[in-house]
Amino acid sequence: MNFPSIIQTQVLIIGGGVTGTALARDLALRGVDCILVEKDDINAGASGRNHGLLHSGARYAAGDRAAAMECRAEGAILKRMAAQTIQDTGGYFVAVQGDDERYIADFSSHCERSGISTRAVEVAAARALEPALSERAIAVFEVPDASIDPFRLSLENMAHARSLGARLMRRSRVVGFAREGRQIRAVRVRSGAEEVRIEAAQVVNAAGAWAREVALLAGAPFGMTYSKGTLLVTHTRLARRVVNRLRPPSNADIMMPGGTVSIVGTTSTRVDALDDMHPTAAEVDLIVEEAARMLPALATMRFIRAYAGVRPLVAAPGVADGRTVSRGYALFDHEDHGLDNFATITGGKLTTCRLMAERAADLVCRRLGVTRPCLTATMPLPVAAECEWTEPGRSPRMWMRSHGLEDTLLCECEMVSGSAVDAIYDALRSAGDTPTLTDIGLRSRVGKGACQGAFCAVRTVAHLYQRGDFQARRGIDEILDFFGERWRGQRAVLWGEQLAQAELMEALHCGVFGEELRGEESRAAPDADPAGEVSP
Amino acid sequence: MTGARRDSCDVAVIGAGMAGMATALFAAERGLSCIQVGNPGGILFASGLLDLFGVHPVAERRLWRSPYAAIAALAREQSDHPLARIDASSIRTAFEIFVAALGAAGLRYAPLGDRNRSVLTSIGTIKTTFGVPLSMVAGVDALEARPPCLLVDFRGLREFNARQIAESLGHRWPDLRHRRIEFPGTEAAPELYAAHLARALESRQTRERTIALVKPLLGDALAVGFPAVLGLARASEVHAAFEAGLEMPVFEIPTMPTSVPGLRLLGALETAVSARGVRRRHQASVRALAFDREAGTAALDVEGVPGVERVVARAVVLATGRFTGRGLTADRGQVRESILGIPVLQPASREAWHQRDFLDPSGHAVNRAGLAIDDAWRPLDADGKPVWPRLFAVGSILAHQDWMRSKCGSGLAISTAWAAMEQVARQLRGTGAG
Amino acid sequence: MKYALFLGCKIPSALPAYEASSRAVLAHFGVTLVDLEFNCCGYPARNFNRYAFAAAAARNLALAERAGLDILTPCMCCFGTLRHAIRFLGEDAELRSRVSEALAAEGYAWSGKTEVEHLLTVLARKIGVDSLAAAVRSPRTGLRVAAQYGCHALRPGNVTRFDNPMAPTMFETLIRAAGATPVDWPRRLDCCGDPLHQANTPLSGRMTRAKIADALESGAEVICTACPHCHLRFDAVQAGSSDASIRTLLYTQLLGLAMGLPADFLGL
Amino acid sequence: MSPALFQTALYASLALCSLGLVWRVSAWFRVRIGPDARTVALSQRVAALLRGGALALFSRRVFQLAGAVFLDLLLQRRLFANEKLRWLGHLLILTGFTLLLLMHALAAIVTAKLFQGYQPTLDPYLFLRNLSGAMVITGVGLLLFGRWRRQTGLPQARRPMDMAFVALLGFVLVSGFLLEAHKIASPRAFYRMSDQFIGSTDAGRLTPLRAVWASEFGVAFDDLKLPIDPRLLEQGRELHRSACASCHTKPVSAFVSYPMARVLAPVTDLLDTGRADAWLLYLHVFACFLGLAVLPFTLMFHLVAVPISLLVNAAAPNRDFSLAGRASRRALALDACVRCGICDLHCSVAPLARYLGNLGLLPAHKLQATAALAGGRLLGCEDVALRAADGAFLCTDCGRCTAHCPVGLDLEDLWEAGRGDLAAAGLPSPAQWVQAHPALAWAESLERGPAEHVDSGPDDLLAPLSADRRSFSRCVQCQTCTNVCPVVAHSMDSNHGIDLTPQKVMNLLRLGLRDLTLGSRMVWDCATCYQCQENCPAGVRVADIMCELRALGVRRLGAVRSLRESS
């Protein structure tokens, strides 16, 4: 990427998660010029590491009525405005023997008070529709939960924003702020080896869990705690509907049908460090054991992946457990930090990301003197062809529709075709980006299936060489980077069949191809000492 | 009429990966009657290259030119490694017999010698290995001399891209060129599979059409590389025909599994053991294994369909492999040996099984988990005693080795099979047979 | 030795020579064949309904069991199908009970005692290659024969227990017993194409022709079969073709000739 | 009975019968069964018959024809070989009926000419008539008994007309016997005869004769004094000899009607008063005429069709027919089939008919469906048509039906032709109708179709492996199944590219997208060679699953398929 060293814009958004991308679109729709800088990639943080649940609000009805009502209202808006990212699966709340009777008894009235419709379902009837439910279930309520694809949401938000003039800088990390009085003059952003200065009238910090670090750089400290949540991805889909545990929010109480797989979680652990977020064996075990009480098949299920995200929770003093901290969002204008053109929007939930963006945009526009109203609640999000590939189960159909001589499958597990990869690659490329295999993985199902990249990475790289996109020794590096990224999610679920799969992956890539030794080959040059060790 | 099916033998081999096949082969060579139970398994994932020992110590990623010198170093530094227990002459003998049996079954290897060789792979890496099929030898030579060389690939063969290999090696081998051709008669196929091409090339007509397509592309090339698709059952003949037709050395480059060289190896080994009278039980598993200590026999309940076959054997060799071969199974808590629950040496907890980095130079601890054995290749129980006097274990199920990182998969399988079979024969002689 | 002879649907109507030659050869070795009126082995119903398939097969097994006999079939497809049915009935209790009900309605029952043998397994294992060789009067010396292992008898090996499904040797051994020379041909374990004859005729034809070409290229003079489906498929494809052709011979004909049985006993 | 009425009825029924025969026989040249038959013109078919007939008659085959007439036609050896009881019954009917027809119905033309002094009331004619009638009744009884005895639990093919005709036949015989019995017992008839031949109806004068006829001829006088004086009898015999004996023998030999007359004695007077002799005669005669008139449209048409069919077979041994000959022969077969059901008994897929609950598999039913299709009646009923098609394509061509057919029909030829017609009518084999649309189109029509199909059973019994995630959870994506698949291998060298591979099918199942596989070429082109399953390192039962998917496809895709769409 080759950016001029100084870039000017009206608004700089820091962070390309669900909030940042929604904000970019919101501002772009109001005619405000903006740049979004993202240190990694779209949804690389908690935005891409959650259930993908569009909350009906029922989960919060008992404890946090405001949040519940907000979820209900926002959920309804998203179902209309971003229908393509949502599967209206419906959801069950299920209590099993031993769960709190009072909570069960009060559940529907709590929901009713928040305006959330529930319907009690006979346990037998529910089990007929969802055979995976435990025979120990004692109460089932139906709620209007749905699944949402956060990647598609953010990618399409960003794609729309870009079509309206917004700019995106991926892999660009904010490294400093140039302050002048109550103003931030410029933001220093490192993009690869280069550093650029972005001069913006307004800066919005939407860095999610990293919002505190960014604000600190700007000299605007605020308190925040981090709650790590781990989730598991199953090998096959377990149920049609979202299945929630009917009890106060706790570990492993949500099972999401995500297209062709199911996502189970989550845990909540207070953490201090943000990077290097690995799901641990203990967290995984906790989820499996706890969720199996609701869905017994999970005890023997093959899991293909685990991932951990960090919930940014704006601190309330003296609270240790992340789960009891409000899931509400926080919008800071930082005026008490002596800044008039800086704002932070963080916390919140996937379901309310649009609302958060709206509030932040309102603030920014007020400061900029822009009076145009927010359009995101009334204007449907346009479909972008290159953003369709994150939806599980979609690519097989697309391929079966298109497949011919020129369109072969690169990923067999999830059936992603060459044309999908081309669309993603070309879209990134046309924005002046240098797409990597990992970028393609984020925007498609490549590497997300059972083989976790062992086969598809090789085919995709071969495909990109053939297209002339990859040169020299880049392919092997890309494969290994990709494996490294995938490994993070695999490591904690490696037992049973998935351990065999991982062993096969290592047998092929290390045992057969010796990829871990890349760069070492010259040391085994034929002119080395024939009698013994190859001398370096 | 169907009764409970029964059979008996001297040696029951459980497992049909490389170690299992080698064990059955060596048992038959020693004149022992043999029943072998197991799926095709690991051989399908083989590259056709026979590694012996390439990297030591793993954490230092140190490559060795002489596998025997490396094993000697291993014996000094890590004496519990299975290969450290076997002397070089046994390894040589085992490999010679193994390769000769493959040759007799139609899969010919270059003379083995004492040195590791470097082979080009489909992914653009260079692999250090020991035994090289004849069809790949010209590639070893070309990689050394780096003459002008043409790599050919076929449209539709998704895992093999000549351009990728040429690009990856371009800095070291500037005269490596690449061309893509349409495999004759595949105009309607969006994707091709290596084994299908290999079989198609066994027809003279397809072979000649392919050669005719490649010939005009040769330019100044002095050697030609193809993906490993030059024949399956008739590989030698097809390879020879290509060399004759193109009038220069032709070599195959191993591809992603399931690869043709893997299928060749599987075919040759099945042929070799079948020809030696080994009774194979395919797609079957051992449900139970019990020992009659008085009679000195083991009883295997082989899960068949329907029902169970009782196999009575005087000695049993476990060659069941690791997780992919299902010799070891792991639940969330621990790693177990699948049939008898023999204690498995393993890290204390699952958190310690794998490194946080996939490519961590020291490798993953769980890959060194496995069975502990005594000097006679007998797995040990919790008290450190042999589980049964004539129960042996070979191959990758053994502890203290990481074949994937040491590049010793075949070496481990073949050598331990040989060494264990010596012990089997000795033990059975002791009981008046063999 | 005494077996219930299961001819299947194809042999009586389309390949009576196989019946004749099988009877002639087996009679020579003292095998008594009992004719029961069996129904279709069940193969066509596999594509319709698992239960109907299993019940039809089980009815045959029950007929044999009532007669106190094991089944011998010269057809590889029937052989495999009956063996498959035994597997499915063995592993699926619900299927078994439904099938038992259906059989009971006709007054039949199958307790699982019936064993199913193929003609070749009886020749090779029950009679023995040595006995065969001893009966050979005019060995077919020098005749280069390609053995056609039929898929349904060979695979899956754990169901059919016919021979090593990856590297079988039985058929070649039997050919040697007749004094002929077995030819190693790469496509010897391939499908003959017959199962697709109705569903996809061009594909079926390509498969058959590939085998014939391979046998010829491998120097065979004869493709030897032990299944009416394979045999008739080779003949049918060659009948309408101008390509080089190869003779087909049933194993019982090959052996019968070697034993010096008169040609008309063998349907030749 | 007025001769005019009799004549009119006779000629009318003869005319109807002849017209019927002409129409039915013409069908042998008109009806087209099999796609190949469509290419043959009516004139060619007539010419083929004439040529064939001439060739047969004027060659050595004439001896074979003669043999066939004797063995097949008269002795019915094919039936004898199949079912002795039925053969016996059939022979009894044939003989009895022929005798009745010639010697009774056509007595004036045949019997009277052949035998001097023929009188129906004389022996042996009286006895023979009773014997013939008894043979027919016994024969029918035997056939019905045989049919009942071999109940297989599966309904036998029949048409309502068949049974109606059997009833009519019974009625003719019963009415005939009744008429005879009544005539024996009727005093009214006695007086009419004595008036005619003695010239007196005076009871007193006829007393001796009455005594004889009452005691020896079974006439049931209600005013006769008993016991009868032997002298009176002697007198009566004298009179009898002079006036009656030339035309009457003792009716004891009428072993059916005489006992009936005895039984009827108490009501004879009543019957006489009611002119039973007249209306019984009417009934009997008109029943015969009715039978004659409708004969071409009933089972009895086989009296014409079967002999011709047998002769045609004999004329062309080894089934050596020209296309035109075959076309006519198929049409003829539809008429020659007597729906005896022997083919059903031996059909090798008959048990499947039971297990699948589809009678369309059974040969006799199939023949009816073939006739219905040729007559344009089948497609009107979609359900029946679909079942007929299912049945037709499960036939294994084992030939047992042909081998056992008592009238020697070449049924295999008919089945093949029938399948061709079904295919042409949009009812090809499942493998073909499924592949008329790509897999994705099927999946989409499943989505549009009714959510819950009317199923014969749950999926997990039909397709337990494909419904169980454990069946493929061990898959490690190695592609071995595809690499060893001959179908994929042979689909790369022409325009017959395959849509999915075995691995892709397994992956779609894992992804929960089973509907996308049901109509795929891969599933339907699978040769079940089991290479995939044998070689799978993870033990996935790939080929077994393919079979399941086809079974599931037949059912689920069948439910959303309409005839209109597939034709």
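Per-chain residue numbering starts at 1, and chain names A, B, C and D are given in the order in which the chains are listed.
In the analysis below, a residue touches a chain if its C-beta (ideal position, glycine included) is under 8 Å from a C-beta of that chain, and two chains touch if they have at least 3 such contacts.
What you see is a predicted model, and the numbers here were worked out from it, not measured in a lab.
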Exercise for the section: Please give the pair of chains with the highest number of C-beta contact pairs. Expected result: A-B
Exercise for the section: Report, in whole Å, the distance between the mean C-alpha point of chain B and the mean C-alpha point of chain D. Expected result: 67
Fill in the blank from the handout: Chain-centre distance (mean CA atoms) for chain C and chain D, in whole Å, is 37
Problem - Separation of chain A from chain D, taking each centre as the mean of its C-alpha atoms, in whole Å - result: 73
Problem - chain A and chain C, separation of their C-alpha mean positions in angstrom - result: 58
Fill in the blank from the handout: chain C residues touching 2+ other chains are 156-157, 165-166, 210
Exercise for the section: For chain D, write out the residues touching at least two other chains, lowest number first. Expected result: 476, 478-479, 491, 493-494, 496, 533-534
Problem - Where chain A touches two or more other chains at once, by residue number - result: 403, 409, 455, 500, 504
Fill in the blank from the handout: Per the touch criterion, the pairs are A-B, A-D, B-C, B-D, C-D
Handout entry: Interface residues, chain D side, partner chain C - complex
Key = 153, 346, 348-352, 354-356, 390, 393-394, 396-400, 402-403, 412, 429-432, 435, 456-457, 461-464, 486-487, 490-491, 493-494, 496, 524-525, 527-531, 533-534, 543, 547-548, 550-551, 554-555
Exercise for the section: Quick one: which bits of chain B touch chain D in the complex? Just the residue numbers, please. Expected result: 39-42, 44-45, 183, 185-186, 188-190, 192-196, 199-200, 257-258, 263, 282-283, 324
Problem - Footprint of chain D on chain C - complex, ascending - result: 8-10, 12-14, 37-40, 42, 44-52, 55-56, 59, 92, 94-95, 98, 102, 105-106, 151-152, 154-157, 165-166, 190-191, 193, 195-196, 198-200, 202-203, 206-207, 210
Completion exercise
The residues of chain D that touch chain A in their complex are 438-440, 443, 469, 473-479, 499, 503-504, 507-508, 510-513, 516
Completion exercise
Residue set of chain D touching chain B in the complex reads 476, 478-480, 482-484, 488-489, 491-497, 501, 533-539
